[in-house]
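Scrolling down, you'll hit the structures one after another.
One chain, chain A, appears in both complexes that follow, with chain B as partner in the first and chain C in the second.
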Partner chain A sequence: MSRRGFLAGFGALGIASTLGACATSTPARPAGGGGQSSTALVLKSRESSDNGRKGMQALLDEFAKQHPQYKSTLNTMEAAAFQQQIRADLTLSTPPDVLTWFAGEIASDFAQQSLLLDVTSVYPAQGYSEQFAKLSTDATGKKIFIPTVYYWWGVFYRKSYFDKWGVAEPKTWDEFVALCKTLQGKGVSPIALPLADAAWLTASWFDYLNLRINGAGFHRALLAGNEAYTDARVTKVLDTWKEVLPYLDPASKGLASTEGYAKWQQGKDAMFLCGPFLADAMPADVKDDISFFQFPIVDPAVPVVEEAPLDGFIASAHTANPEGAKAFLGFVATPAAQELYLKISGNALLPANSDAKSPVSTPLLEKGRAMVAGAADVTQFFNRDTNDDQLNALTTALVRFIDEPDKGADIQKQWQSDSAKARGN
Partner chain B sequence: MASVAKSYRPAAKPYRRTWHGSRDALVLLAFVLVPFALEMFWTFWPALNSLYISLTQWDGISPPTFIGLDNYARMWSDATFLLALRNTVLWLVLFGGLSVLGGFGLALLLDKPRPGVGIYRAIFFLPVVFSMVVTALVWRMIYQPEGVVNGLLSAVGLADQARIWLGDSDTVLYALIVPALWRQIGYIMVLFLAGLKTVDPLLHEAARTDGANAFQRFRHITLPQLRPITTVVLAVTVIDALRSFDIVWALTKGGPYHSSELLSTYQFSTGVLGSQLGYGSALAVVIFILTVGTIIVYLVRSLGEEESA
Partner chain C sequence: MTAVQSRNPRLRTWLFHGGMPVLAVLWLIPLALVVLTSLRTFDDLAASGLASVPDGLTAEPYRQALASGQWRSILNSLLITVPVVLVTLVLASMAAYGLARHRIPFRRTMLLLMLAGNLLPAQLLLIPVLKLTEQFGLFDSLMGMIVVQTAVGLGFYTFVLHGFMRGIPQELTHAARIDGATTFGVYLRIVLPLTKPALAALGSLCFTWTFNDLVWSITLLRSEDKLPVTPAILGMQGEFVSSWNVIAAATVIAAIPTVIVFLRFQRYFISGLLIGSSR
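Presenting the complex of A and B:
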């Protein structure tokens, strides 16, 4: 037998012996653990920072004190890997019982596929705002998500630098554009937008301009695929954004997010549309100098909407311990639990239950809380209100728009096509 | 095994040949079948799975829908796929071609023993031992807007040529090929250096006596003698070029707006990070076919040459 003949036979044998095997079988699981109950409670968490992990462990310890019948364990996984695995986790026959997750489209998807436990019975009657309650509810009216903390988006600046430059917070878009012009005149790059490893930050600009110009209704319809990115209302968003593109740091596309943070910290870039995680990344002596203003109003006739990404917990529908999972979710909904978590983790986040107080209240946190409380509606964030495939289509379109602001129509067409393809249409 | 065979040997002496023959066959079969079964389970089975998934539309949660060859049809109208394909071909030609030429050139230069040659070899080989992610970190600093490259350009009065190398859709792919080459050339150099050691110095000696000049000796002695190592180098280069992923992912993730997208990064962001498992698997199948196809064509050709030689 020649060498090649042998190899060919070998290969044929291999193919024949495996064709019988089949892929992608998702075994149908009875909801609610199939009658078997257990006292073990596994919390799978994506809070992998040291403080975040300590906060989660503190929650479990406190829960164990109140409910000694359950034996709980913490299973922490780095956020990106967690996100990739959650789909598999929720379809496992022995899934983690409770998981950290966020409000938005993906949670609704999970709920629609009957992967999430109905936690209506432990959802507090009071404490959550109407908007947060809405975000915790699936299409059939069941509560499937317990919000615990949220943050906000705003245009961050350093007070001492604004004083030095003699400028003040703008309220309207025109004031904002004028401020950019003034700052550029003083030799300061007005807007930080580091894109080298964080192109997703462009979504914050799109979301906010879209919300300020077209409102939350259009935002949701567009992100759900019921409106097209070729719509004239999207054109208007891009045209408005175009007014401030000359004020972006010209090195934006070459800056990693940490480099962008540093330039903003040093006052080389004046303003940064960001979340309070920007403040978290700053050294202690800078933290007190940080403030933000609400994203400027473009059209006063449009009700003011803010982005308030909401984090919390879900429970798997296939948990072997539905009672324990519900007890835990009921526990994390309490003001005491949310205060405990924020105290231990030390993150610049706000408790979702409005009866809870920030353990370390700072002017920055209070300003954020007041802004979200005053909003007519809240949205999550582009990728939370859709998914990461749609976010990819967005970053492709918007980063190209920064380069080629005159090709808006082409870009919108490509964007719509990318978006539809990612949806499988 | 040895002790078992020994204990049977006296009793089975008359049938020794056949007995041993069938035992050897069994052992041989086990040696083939056990790795084969493992390979089946860990490699071929998942590979065939992704072949099946590539015929479906699947988000990873709900049951997959069988859609036949739609995913493959979609590629031809997918501008990003076509761009990634073009970039991959460009990458194969530039990265593959330049690393072989550069590695071979360096090997020729550094082949002859002379003082300090070891240091030079070590310097060129050094990038190979760095993890690609470390390489990416170093090159990110080099390419920074206020980094080394732009600094040098300004210093020599070419400040108007300074640009954001990794953020400019015209330069990004080439800016990524450079660090990839920086590493690969050293690797190819070492392979060729090993190859050059196998060239019989007596042949050179004889040719020189016959009056052949340096170029003739290179063309008619060194090159033919290097043929086996060249086969290895080309196979390694094609595989390395088509699976290039780490440097691109670490520096640009295929951006800005897909201008540095390779098939591998596009596959990763659609099928692994995104939730389009069907389309992502179809992309993986295409990469597989391209790689295996190139390698098979090449191996068949070189095996054919070997047999006819």
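Presenting the complex of A and C:
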């Protein structure tokens, strides 16, 4: 083809595509507000994994069967971008009608700015525990969040490897430290903590040690800014953590989270403080081989608290289709919808509605459910109980602590100042 | 080093020919790794890690990437990129011609303003532009993306073309004028043909930048069926776990259009930018 011919073809393609672009640029739906009602229902989801996407689509399909008057669309956005977009999304003149979100401070914050639809009318009277109901309620007593699934955190290991090494689950912190020592003696790296793209994982260690040593009351006060990170009780948390720092995989800092999961799967790292999601993409035979133990007890006098992050849906206050949004949120609150999602997505999560059963009940799921049910109290996770700015202050402090465990006092001072600054903004 | 060079030109050649392959290999390793990753199964990757000998090769990740709607996102990318490139080149060349060959008042100020606009980081503009497109009804539409991407790039392309057109001998345009050509005729018949190398070079640059843009598309687009290829690939990552092989395959596929454009316009790319600078 001659150059001229190529350029001409290129030009024709351009004109054709300009026209095409014009045709597709007509607004898909009328702008909402002012009592106008639309039948379109857009679900914006951050479940971008293949399984999660299928699960969400299944929910929408089932919803469409029960409510044929609404035309629903699924929009999936990668989780980090989703999190950046959500504030802008909720203030758009045509916002997504319903969105996936999680319980905690950020949802309360949105509610305070009147960005969330009041869904009290569709919140089921039965089925949700008191804790979940509290997490779904804003400061004025309105329900603004519908919980659908939750998971738990624990120290995950592979049963076959524990058998091979001849070790057993520890119950207390001292047993845990001894186990780390034994494993290291056998040439196995005891603890996985990949930090290259997941420095937030350090928050799980801080949360758990703080909960085990100082209890939920102090933890919440600290996260709310009513206590300082320079407190002696935080020093104690760091000192306790210091005992196991030598047992972290020395390559941790350079590993991406997916590489960390893989290394743990291969048995190169023995234990991983994580959620059950670490095994989501692993082959079935590995999934059957996975177990976890409860984060070891440090001080038996402190009531046992577990982290049980709760996921669900919110609806935008400015939706053009409030009736449809409420109908959808009412639908996902039902046991049938939660079972459907778990069945299709196949992820290791527990349904939030206690009337719902796990479609495939595995020993792992039952162990997780029992552990959360037996806890005196539950927390969400550091950034869910505060926000991402506070999480940044934490990761800066803790990643530095891993490098310089003797500079604890300096680090705490810096942490307190970072945290206060983030709160000031 | 200079002493070695001047005394022994043969050694210099040897150093060059010895050093370049090493650099080239270093440069190519990540690319080769991506292609290799895209041909492996996820279980293989997870079980033995990225830096391992593959169990076997498979085209399955490519099938998965295309099955998950990558065709559509590539089409969207082209629907945005091609009009942006064409409109940008037409508008920028017209503006550059006007500013370079006519005594327009404040022409220097305008040019500096265009350059200054380019120095603003895009992040500063995100929210205001989002609100603007919402008001004009262009939010979440391919048309909006085309308008914004064109507007954002225009200053830079005008600036470069202005420099290039100033290098075209005045005699040529004067001669055409004497022969009776209008201003537009001079632009169309004299300036544009002479600017072709620069246009081709800028066109391929513009194509790459627009095609690879992520920031604007995740700001201005919301519907999944309108997303171009970069956010679509981003969307293939799970929150906690990502299928590396499928993402690698999608990345390889997404690179194909830019590679084709670059190969096609390669010679202009080097000569075009050099001519502009040497005058």
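As a working rule, the second predicted complex is superposed on the first by the 389 of 425 C-alpha atoms of A that agree within 3 Å, B and C clash if a C-alpha of one lies under 4 Å from a C-alpha of the other, contacts with A are read in each partner's own complex, and residues count from 1 in each chain.
To be clear about the criterion, a residue touches a chain if its C-beta (ideal position, glycine included) is under 8 Å from a C-beta of that chain, and two chains touch if they have at least 3 such contacts.
All values derive from a computational prediction rather than experimental measurement.
In the superposed model, A:Thr258 makes contact with chain C only, not with chain B.
By the touch criterion defined above, A:Thr395 lies against chain B but remains apart from chain C after alignment on the C-alpha atoms of chain A.
In the overlay built on the shared chain, the residue A:Gln266 is in contact with chain C alone; chain B does not reach it. Legend: residue contacts after superposition of the two complexes on their common chain; A:Ser93 is shown touching chain C, with no touch to chain B. Contacts of A:Ala422 after superposition: chain B is touched, whereas chain C is not reached.
Residue contacts after overlaying the shared chain place A:Ala81 against chain C, while chain B stays out of touching range. Looking at the shared chain after the overlay, A:Ser48 reaches chain C, while chain B stays out of its contact range.
Contacts of A:Phe277 after superposition on the shared chain: chain C is touched, whereas chain B is not. By the touch criterion stated above, A:Ala221 is placed in contact with neither chain B nor chain C.
Comparing which residues of chain A touch chain B with which touch chain C, the overlap comprises 10, 14, 17-18, 21-22, 24, 26, 84, 88, 259.
Those residues of chain B that touch chain A in the shared complex are 36, 39-40, 44-45, 48-50, 52-53, 56-64, 74, 78-80, 140, 143-146, 164-169, 252-253, 255-258, 269-270, 272-276, 303.
Here chain A touches chain B in the complex through residues 4, 10, 14-15, 17-19, 21-24, 26, 84, 87-88, 90-91, 109-110, 113, 115, 195-197, 199, 250-256, 259, 387-389, 392, 395-397, 399-400, 403, 414, 417-418, 421-422, 424, going by the rule given at the top. Against chain C, in their complex, chain A makes its touches with residues 6, 10-11, 13-14, 17-18, 20-22, 24-28, 44, 46-50, 52, 73-79, 81, 84-85, 88-89, 92-94, 96, 257-259, 261-263, 265-266, 275, 277-278, 280-283. Note for the complex: chain C touches chain A at residues 42-43, 45-50, 68, 78-80, 82-83, 85-86, 127, 130, 134, 137-144, 146, 218-219, 222-224, 226, 231, 234-244, 264.
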